[in-house]
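Which chain is which? They are A, B, C, D, E, F and G, in the order written, and residues in each are numbered from 1.
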């Protein structure tokens, strides 16, 4: 008898969740392309990432407005409300992650010049990107599955990413004196920071997952606490 | 579709016919009475006592007898009827057999033919335990008992129509049950009760059979002076006149009927006025 | 810096199908005994949508609704001015068959008003009085199924309609309206007498029904308008002439997230009275 | 009880209540008497009822009334009842009454013998037309009317004509109300009935009066033939009964005195047949015998 | 005990109890009335059945208690009562309900506001008036005159029809009340489905008001059975076992009134018959009423 | 990694003042004619708070509420078991004066039920029957002011109470309750007969009144409970014995953002029926 | 007559807004301290910033929960709903800004060692910090005043900050070969990035302001569009 109750609302909420989490797939795609462009200095690919960000932004606006409409028209409470609130954050994270990808893509010189590349750093960046990619995918999965444990596991992944970030920093410091190389290395530091931030966003999505599931606030890792960093 | 329409129109016609026929026949009756009696309708009619001489006869004593009867009857049925209604509506626990008995009993009494009340009045009021004799009080009480169920039922309905939210509101303020009834329920039920009382009296005013059985006199050449006074009443006087051999008395009877109808009309008008004036949609 | 303004209404939930107009009101004024109750209303009701009318008490929502199936004809001194077109035809043209109008344009009322008959006979009433062809039992079953009531009552079709709950009664009334195969269903505060659970059952039903029917609903309950409707008209009482006016008519999302008129905003956010 | 004790005031000053009840036949007479008495004694409060002779006696014996009107002498059962209640009484004849036999004006018949009447009215009679009684009479199908079994008139008629009180054919149309009988006979082409003479008098134009031959030739009822009892056997005396207890009340005595003193006027007013002088004298004496010391 | 501190000591409220007792006494009066009725009827009735066997009373086909050869079968009186009541209902029910439907469903509010009180007032016309109307006008002028029906001057038909007009206002008024009480929403519901006025009246309003309508009819029956003056005046006094309405009949009430007013000596068998018949009448109305209560209650349960 | 769990209830809106218990219910079961309507309820009502009781129809909310001022005593076969303490004292002890109970514990009902008297007399009724001292006019004015009605009616105190709007009537009923200086006010769906604007007026009033009074409110309207109450008890009908049970009692925020019991969650999110 | 309507809700919403915007003051304080600590290599001050972040996090949780409660219990719509949704973002930005301040503070070496400092860079950082500070304050002001123009003006401020960020990057590249100095310079790049991000958050708050006021979505500056960067 209860199956039909508020069907429309539940459908709509589920749809918006799917749209939001699909946003994470868009982020993964952008990430892959951005890092790929970086590796191959592929300007077109980089441009594609930059152009595609409009799609992510559009997704952000769509989902955000959909969520607001749900809030306005359906007045969700309890678990439903937590989900809506969490999705408001998730979609914002998606948008921010998209921006980071754009930032990364913009590190591909637009003039087509080939900067001096340090393969070690690049390798490290690639490894980082792979980890971050996993993180984003895991964030999506844990949210979709409402799996708080999987969400907490993100922190472990993020530790690796943070580690790699520090490595990139170290490698960049040690890159030597060539100005171009140094500039490139500096850029790579930025790329690594951006990757790291994408990871952070993923962890945040994990936190939102935990919030949806338990209704409790819980910061998995926090800048101000030493364990996190 | 047009068959449907035709049936609709036909139905309307039949209904209109029903009402017209009813009103027509009743109008005919009234016309019959009025055309017979109008010639004798005058103030004198009310200023004269009955007489063997139709020219001199009037219904002063019958009129005042009826007034006394109705007054006394009202004084009896209002407190008793309302008290019974209050008891049944506000106090009686319907789970108790005696309360259900009272309820059913009142309903039954409402259907008992008036003539049986005449027998009761004769046996218990005029004679028997009370032995009041054929006086105003006995007549009024007989009629009172006869219409008491009407009053009780009307008063119950009026009391029931007072929403229980009024009672709860009052009780919730700390009023006792009687305070609640006396200050809230009854005042709110007054229009309904009054309408019921008037309708009961307008039934009582026309009753002939019980008075005949009680043995009320038909020739009374004086106005009642008290509850213990002999009396006659309008319907009795009318019945008496109708039974007289002289045709002139028939005219008198018709005039008497007009007077009675006017009394009735006044009472009904009062009831309607009350109902419209105080009608309340809760 | 490019701004990517988007009216939220267009990014909202599924966009309405190609707009087929059911009702077209132009400058409609309805008066009782010469006193206008609503004045100068123009609005379009689209097919397969739920259109909600909201506004404070006495602003003429019910009056306007009853204009749509000429229910106001029952009130001796009610008068409708302006044009009310139903599928493009003047609803108030002379010679319009009221029976046909009310058959096509069903109505559900504030309080469930089942007839004091069996469940079956309630639903069969319309087809019977209209002399509809077809297997009555089948019509009844179909209507009850459509109103999501069949499973609950199929074993007691002969039982009196008063024996079922208020929410079921209201669905019965909807089934009753559906049994004569209407095109539009008008609902005047259909849930105001119901508890929240029955209410949400009815709301679900409305959402289902709008696949096949157009629905116009009057409701006091803003949340309800928000929850179920596609478009919402907000009415208010003009302080000058005490007649109702339509302040805003828009997709529901917009009315509740970003209304154009400050009076609408004030009303939906509960800041007026 | 009959009411309060009244003081016997001076001439025309009787006051107090007097309860009169009983026969409806006597009622007009009693009413006229009460009215006349009331005019002379404004303080007196006379009530007159019409419970019927039997009903009157019932109340009278129970001590509820002062004076009981009767269209027949008191019966055994009633005497017993009075005795039981220790009510002693006296009987006064106050007027005469006759029973008129009438037909619809369309039913021409002038005279019937008592034997014919008996044949028509007796128990088990199935006479349908007057022709069955006399070939000269019309063969219109009869509709019979008569008083209800409860009236003194019925008792008297059945006693006198059929020989036993209450013995009558039953397929006639009875009514307690003589007016109704008038209506019946006047309204029915075959109407034939009997009832109190005064009702005939009031409706002469609508009715055909039938003479009765009680052996001494055909006599039609009239004031004179009733008074002198030549209209036989359907003439009868009308009575007032008064109880000892009531007579103690001066106003009751005054009332009866008034009745006897003004018997003729009252009877005329009441359109009832007055007493003959002899009858009057007998009543006067009876009354004075009753007078308490 | 403990409660004393917060609420103050409870005062016993004797006044309240006294009032309750007084009200109960008032209610008891109705019981006393019934007891009184039964007692006043029963004494003579018992005496009556000392003289007449109950079997004769109930099964006898002849009613002639005051004749020389008395017969005590009550059936003719019952028959007369039923016949006249039946005729009255045959007039009053269709006309009354028709009028009620018209007033409630068709008449304009103003028409209704005028007609309804008139009807109610007519219900108050003394029945003596109806009796004479039946005898002096309806039988000769209408039945015999206008309609050419061959009736006896006293007949059940005229009395019944006029009695029908007497109870008609009661039935119409009570039934109209019941129909007006049917919520407007039901009507709107039916109109909303395309029903026309006739269909709404007959298929929705009428069934919905059925319990009230039944109550109205039963009230009408009670009044008809108990009515005395009309039958006393216009129906005649022949204890008749037939069914031909053109003939005269005696009803139970007419018998009681006529005999009670008449010349039966106290204590005679004739006198006792009044009470026996009265008792039978009382029982009849009792049974009728019991039926009606049950009937109405059953409807109430289903429809409310 | 430190987790900073916090029960949201504690980070919520202003924390309740030092808890003064008005009502203490322990194992309360109320039966009608031997059939339990609510079973085994234990809960505490605190001073100067609004406590809301919500739940589906028939779960015994009203029954429990009426237990608190012994209004159920009016129903012949109602029976209360368990302990109901009011300021620590047994409300059902023998010898408790019902008049005092109902004076201290006021009640406002579902439909505005003004007495058919003038506005003034409505408010004065309680003080009159209780024989309260003091200037009646003053008492009336104070109560009307307190109920935020004074300004609207001060010019027509002698007018009949039926002449004012439904929302005003309900505030009049509140004023009437306030006039006898109660301690607690019980409200049984006080807004269910009102339009949204009147409703929000009443809700505001409740919020104001809770500074001085304790309020227990039964409501069908979850949103209302959410809006106005400090604590909420959620009731449901036990499918086994058809009697009401209290599923959860907590601060309102928590009930509506993170209820402990899945049945509460299902109810507040509209997923049951 | 309308004054009293939904008083409680309006009060509560106003209170939460105040608490959220006060969070921006906390951010400003943390920013001042963090930059101060960086300038003076004041470990205690740095520790204070790190410790104080718990207060900002607490504020985040308080406001966030308060907003959720309002959503759950008051079912706001239209303008009210937009404000609640915007505040949900604002408070998240506050929390994030707090984290950035912690990150900056952590750049003060905990071992008390004094890294080699380049005054030019430091000066640039200080200037940046000053701008960012203004931005945060302006974000607060524009939100509080619902001033969409002021909000849009934030973009201009942010352009300056972005400029400075690029300058720091350039200066750091040119810092020379000393490993310590280079490491320090690298750190300063990070600091400048963090400052820049704080500015981004402020701009975001400006966007939320515009949303509250107009009900329309509008990204003032976007990573994927050249004008923004």
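Keep in mind that, in the parts below, a residue touches a chain if its C-beta (ideal position, glycine included) is under 8 Å from a C-beta of that chain, and two chains touch if they have at least 3 such contacts.
Since we're looking at a predicted model, the values are computed, not measured.
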Shortest walk length in steps over touching chains, subunit C through to subunit E: 1
Chain pair that, of all pairs, has the most C-beta pairs in contact: B-E
Distance between the centres, which are taken as Cα means, of subunit D and subunit B, whole angstrom: 35
Subunit B and subunit C: spacing of chain centres that average the CA atoms, whole Å: 51
Inter-centroid spacing, subunit E versus subunit B (mean Cα positions, whole Å): 16
Multi-chain contact sites of subunit E, meaning residues that touch two or more partners: 196, 199, 260-261
Touching two or more other chains - residue numbers and ranges from subunit G: 5-6, 9, 54, 57, 61, 65, 68, 72-73, 75-78, 81-82, 217, 219, 222
Residue numbers of subunit B (touch at least two other chains): 4, 176, 242
List of subunit A residues in touch with subunit G within their complex: 50-54, 57, 61, 64-65, 68, 71-73, 75-78, 81-82, 84-85, 88-89, 92, 98-100, 102-103, 106, 169, 172-173, 177, 179, 182-183, 186, 189-190, 193, 217, 219, 222-224, 229
Of all residues in subunit F, those that touch subunit C in their complex: 56-57, 195-198, 200-201, 220-223, 270, 272-273
Partner subunit D, residues of subunit B touching it in the complex: 49-53, 126-127, 131, 133-134, 215-222, 228-230, 232, 240, 242-247
Residue numbers on subunit E that touch subunit C, as the complex places them: 108-109, 183, 185-196, 199, 203-204, 207-208, 210, 302-304
Footprint of subunit E on subunit C - complex, ascending: 69, 71, 74, 76, 98-100, 102-103, 106-107, 109-111, 113-117, 125-126, 128-130, 160, 162, 173, 176-177, 180
